[in-house]
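These are the structures, in structure tokens.
The two complexes that follow have chain A in common; it is paired with chain B in the first and with chain C in the second.
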Partner chain A sequence: MDILPILSTLRRHKVTAALVILEIALTCAIVCNAVFLVGQRLDNISTPSGIVENELLQITANGIGDQPDAHARITADLAGLRQISGVDSVTMANQVPFGSSSWNSSIKLSLDQKRPTVQSVTVYYGEDIPKVFGVEIIAGRAFQTNDYTWFDDAAKSGNATFPKIAIISDALARKLFPDGNAVGKTIVTGTNEVRIVGVVKRLTRPSIMDYSTAGYSMLLPIRMTMSMGASFIIRTQPAERERVLAAAVTKLKAMDNRRVITEKRTFDDVRKAYFASDRAMTGLLIGVCVALMIVTALGIVGLGSFWVAQRRRQIGVRRALGARRKDILRYFQTENFLLATIGIVIGMVMAFGINLLLMAHYELPRLPAIYFPVGAVLLWLLGQVAVLGPALRAASVPPVVATRG
Partner chain B sequence: MLKMTHLAKVYRTEVVETYALRDFNINVKEGEFVAVTGPSGSGKTTFLTIAGLLETFTGGEYHLDGVEVSKLDDNARSRIRNEKIGFIFQAFNLIPDLNVFDNVEVPLRYRGMKSAERKQRIMDALERVGLASRAKHYPAELSGGQQQRVAIARALAGSPRLLLADEPTGNLDTQMARSVLELLEEIHREGATIVMVTHDPELAARAQRNVHVIDGQVVDLAEDPRFHANAHLVGANS
Partner chain C sequence: MFAYYLQLGLRSLRRNPMLTALMVMAIGFGVAASMTTYSVFRATSRNPIPQKSDVLYMVQVDNWGPENTEKGEPPDALTYIDAVALGRAKQAHRQTAIYPIGPSVIPDDPSRLPMRQGAYAVGADFFPMFEAPFLQGGPWTTEDDDKHASVIVIDRKLNDKLFNGGQSVGKQVNLDGRLFRVAGVIDEWNPQPRFFDVVNTGGFDDPPGLYIPYSRAVDLQLPTNGNNNCAKDPGEGWDNYIRSECIWNGFWVELPSKADAVAYKRYLEGYAAEQQRAGRFSWAPNVRLRNVMEWLDVQHVVPPESQISLAVSLGFLVICLVNTVGLLLAKFMRRAPEIGVRRALGASRRTIYAQFLIEAGTVGLAGGLLGLILTGVGVLGVGLVFPKDIARLATLDPTLILLTLVVAVAASLIAAFYPTWRAAQVQPAWQLKSN
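Then we have the complex of A and B:
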């Protein structure tokens, strides 16, 4: 291979070679980190909720003025919604996965425990949530009708009417009881002891701060009233969603024309709204990466074309001395490979540095080692593709050029 | 060694055909030192580029070392250039970014020769032209005569059957030209076949045989009427 003579040649063109190396290094450093950030955002966006997202609708309504007989009104509302053709089940829930606000509690394993075992577990209230949300119960049982109490009663009466049982998510169960079955065990939420009667496979929290604990959730047998941001959750067939949503809004208004519908959306809209900023950031980062790579590729094409023009006579001489077209092609590809390799090595050091900065200032995790070879391969490929045009032009220089002045 | 029969080279544009060589016949035997002379534009350099397989020709036949070359593809032509032909150009054509050693090494690398053999051949060739001590110098650090000696070393390193020289002393002063010519004569005495294109009568006179090219054809000066109209050429073709 012509590596040593090529390196010797590059040493005599230090400035131009250094510029390309720097360009490749910067691109490598930024692309490695950007691809890592994009990967993280995409992981976030694809976080499973554990619920039947394509069957659910959410309607939030607020009453105007006094709302007497809240229990009766909500019971009537739910009954009215169930009458709509296509409605499978319905509940009023305090929150939904990927919602913008969340209800949380710390969990201890005993009343006298000083520090909670889990600092923040999201708590779902609402009748028949496992059934309406389509959450799979993988151990124990669902709540029964006589397990439920009303939210305002539980809130007013303190510990006396607070539920004594709970269902928790599998992720939380594994965290609290890593060695065994959680069903039948007692935990403490706030100052209330509750016995775990069931475990659901997955139920993701709203307002996720830390995706590693996004699956820590608990359900309590509490019926919600139309307060504190609670909303109607309707389950229907995917194809029926738009029609049922419109019918449900009409029905709710018909049942109370003073009611104001503040939000009506499918769960697809919930997810879309929640991850809007992640998608925007992903698009921005991909755009920056693509733009950087295009600029780098153009730099390589420019330098390659310049060198081919500058070395045209030299290429003719090489051809005259016996170089085949593929030898000339390989020369320029090897030269680019060497420049890219030096750039990539420097770029990886820079990528590591940028990552340290991001870790210090934005609490990002360490850049996994896998991104270094990914970045290297990407930049090598980019370099080879970019230099191909100039290299093919070089390979087409005829040997007779050697004799022309 | 080199035989061209009724060879033609035509440059065509949309409106005109220009014959650079027409019914060109030449036969150079192994071990000969032939000077090809002629006025500017006569076709000498075209002959050399075709002889060196740097260009294709339009008609006729060309046998090089017994091989009819017109049907060879680009790779085969490259291989013949690399293995059988050594080039010495007027402008030296050294690669300015490579030192003397690396310049001489260029054709050997394309031959796929092992490193140890390459090194041996390069040093032998540089010894022969008296520049072994300049192996690490770059062309810009050498005089014109030394650069041409490096070019000769590069041509010799591959042990070619045929040396093609295009005005090898054209860019040199008299003293340097003389030393380069003496080197070529020495190489010839050792058995090399040399074809040298030149318009320098003194240089041509040192060759074993002169071939005269006028208007793209080899001519016998004694019989060609154009020669009699251009008496100054006599000196060039003694």
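Then we have the complex of A and C:
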């Protein structure tokens, strides 16, 4: 098929051709970036927490007024919860992965270092967190009972009773000690020196600002009291969760009827709530992309039909001069392919420009190169599918049209 | 003539239902997507206190130095030391320190459960500064602030719960076992975005239920219910904590004129320089004084989701328009013979313009009506994408309805401009000859 006649025809229909090209270019630019944003969000949503999500429950409660015997009360609360049938283990933790509040500290490698090595690391407090959360210890050891200090004691007496040991996540260990073994090394959190006794495989942070540091976390041997938004974390069997959650709430209220339960949820709910906006944004962008492609396809159908109607006589003449139906069909398909190609080239440049803009404003990474060929193939297909109807109609124009009018 | 062209337009739209439906849908969907996302954008980027937004300023003083701050931007909250020092200096027309607290209200009736309330510790100036609407009584006085008095301002909802909506000024409210005397009751009041506490709420939250004096809250050692950031370990106990460089306070000032703002900025720099001389800061004074809209901008109150979805749907609208240009062109050019006849019978180019623009306008209007329905559906569905605190601000009010119709008609007229021009260029002689 010779493309020169097509080009010369297009040159005489500059505006209509330009409209098709513009539409394809804009669609290409927007869809590429929207799909890229969707990919980013999906990456966020699939961030692993490192904990046994389908076995955990979270209950947040608030006591009223001063709580003088805080240690005894929390010990009694935990013991009470352990009595509920189906409860595997229980602790009180200051935060959970994908929670809304976070406790962070900076990490230095020595006390006299000026700028911290890692600006912000999440610090988990709570007894037996690795066991209750189901986090695997891949090096060193877990905390032992006599390692623990109560939270209010540690906070009260400054550096004296602050824990001297810590467990860190593998991600943090790799960042702090790239050449290996972190166990036994000393780091500085805030102004306190702690020795690393263990490394956990993964323990994700709450309220993640930057997904590249989502795994930077640390555990300290501190028992939480019911304060500062700490919550009860209960581990149970997946099938037992609803029943255990209801039973635990009843139990907590029975032990102290003045307390306010501010939150009770399974960890599935925690994850769902945390990623709600990411999920919704994904849905929205996919919806817009589909709508865009439908509009573009319909636009090509509409303009194609117009074109075919306008050229009925030419088509008739060509058919009368011996062109086969296939040739007419090919003609319109090739024409669409040419327009789509120009549109795609312009669209890719625009997509790249929009991506640069997004990078500057929203700290997004660069659009991966794979988007360009995939986007091109997608739009070529879209164009071909859309033009098929009008092209078939053109192919069915009988040669006798040439002799009329 | 207008009515006749309108009639012609409607008839022509009926003649080609598929093409018409395509155009109406393209405009309808494009406009609806843009308007729905715009409603969210408008809600998040709006001015929460337009009458005073340029005389209210948030104060920032860099107490952490270049080592602990990023790009020279001072921390977004103040220490207790600075908040109290600025409050005592009274260098502004009005000023208030502020921090969120989370007390529980204990009803007198022992059978009712305690209620946890979103609340703020503020100064007496808070209420006139931010124009909180009082139903009963009024704010407490600055003397109450100085005396660390146990006074409280509650909102209508809490008044309904505790006093069945009756007169409550002078009565007592029990917070965590301590009694506070009601100074006033405000109407339900929840400026959005919550400019005076963006740092802890992101700008959107349920309305706070009560306010107590800042000085009293600190006496009671009520911890902040919001963010607390410490560059260094504050040490043991409350006294060390409030003397530390931990930041957890907001500080707002009202400065009626530009000259006042300049003077106050100079005062802040002087204050920071004094701290530097005293050895507390080892860096040059680094202070900020930002009015409401500047502060909301710096704090990125408009969520990126809102900006991105608005941009994407505007792109969608542009594509829909390009599409409409093509379809209108197809539609108008198909009627070249008809145009030829009209021109030959004496119609001027102007009348052709009028006829086809009116026809395009009817398409736009139809698209606008479809867009309006879809925008309504879209606004209802905003809650699926945005957090509920933001979603409930997106509403289909008269302005949005009007804007939807105007955008739809304007968009279709813009789209019709080129096709109409082409239609008016039709040579009557050529058309008459070929038929």
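The rule we apply is simple: the second predicted complex is superposed on the first by the 392 of 405 C-alpha atoms of A that agree within 3 Å, B and C clash if a C-alpha of one lies under 4 Å from a C-alpha of the other, contacts with A are read in each partner's own complex, and residues count from 1 in each chain.
In this text, contacts are C-beta pairs under 8 Å (C-beta built on N, C-alpha and C of every residue); 3 or more make two chains touch, one makes a residue touch a chain.
Here the structure is a predicted model, which means the values were calculated and not measured.
Engineer: When the two structures are overlaid on chain A, which partner does A:Val260 contact: first (chain B), second (chain C), both, or neither?
Structural biologist: It touches chain C, and chain B stays clear.
Engineer: Who contacts more of chain A, chain B or chain C?
Structural biologist: Higher number of touched chain A residues: C.
Engineer: Looking at the overlay, what does A:Ser305 touch: chain B (first), chain C (second), both, or neither?
Structural biologist: In the superposed model, A:Ser305 contacts chain C only, not chain B.
Engineer: Output check: A:Ser277 vs chain B and chain C. Expected answer is one of first, second, both, neither. What do you get?
Structural biologist: Second partner only.
Engineer: A:Ala320 contacts which: chain B (first), chain C (second), both, neither?
Structural biologist: First partner only, chain B.
Engineer: For chain A, which residues belong to both interfaces, chain B and chain C?
Structural biologist: Residues 405 of chain A touch both chain B and chain C.
Engineer: Can you list the residues on chain C that touch chain A in the complex?
Structural biologist: 19, 22, 26, 29-30, 33, 67, 102, 104, 106, 113-116, 176-177, 223, 230, 232-233, 235-237, 303-305, 307-309, 312-313, 315-316, 318-320, 322-323, 325-327, 329-330, 333-334, 384-387, 418, 422, 434
Engineer: Any idea which chain B residues touch chain A in the complex?
Structural biologist: Chain B reaches chain A through residues 45, 48-49, 52-55, 74-75, 78-79, 81-83, 87, 89, 91, 93, 95-99, 102, 105-107, 109-111, 154, 158, 166.
Engineer: Note which residues of chain A are touching chain B in the complex, please.
Structural biologist: 2, 4-5, 8-9, 12-13, 313-314, 317-325, 327, 398-400, 402-403, 405
Engineer: So in the complex, the part of chain A that touches chain C is made up of which residues?
Structural biologist: For this pair, the touching residues of chain A are 15-16, 19-20, 22-23, 26-27, 29-30, 34, 37, 62, 64-66, 114-115, 155-159, 190-192, 228, 258, 260, 262, 276-277, 280-281, 283-285, 288, 291-292, 295-296, 298-299, 302-303, 305-306, 309-310, 358, 361-362, 405.
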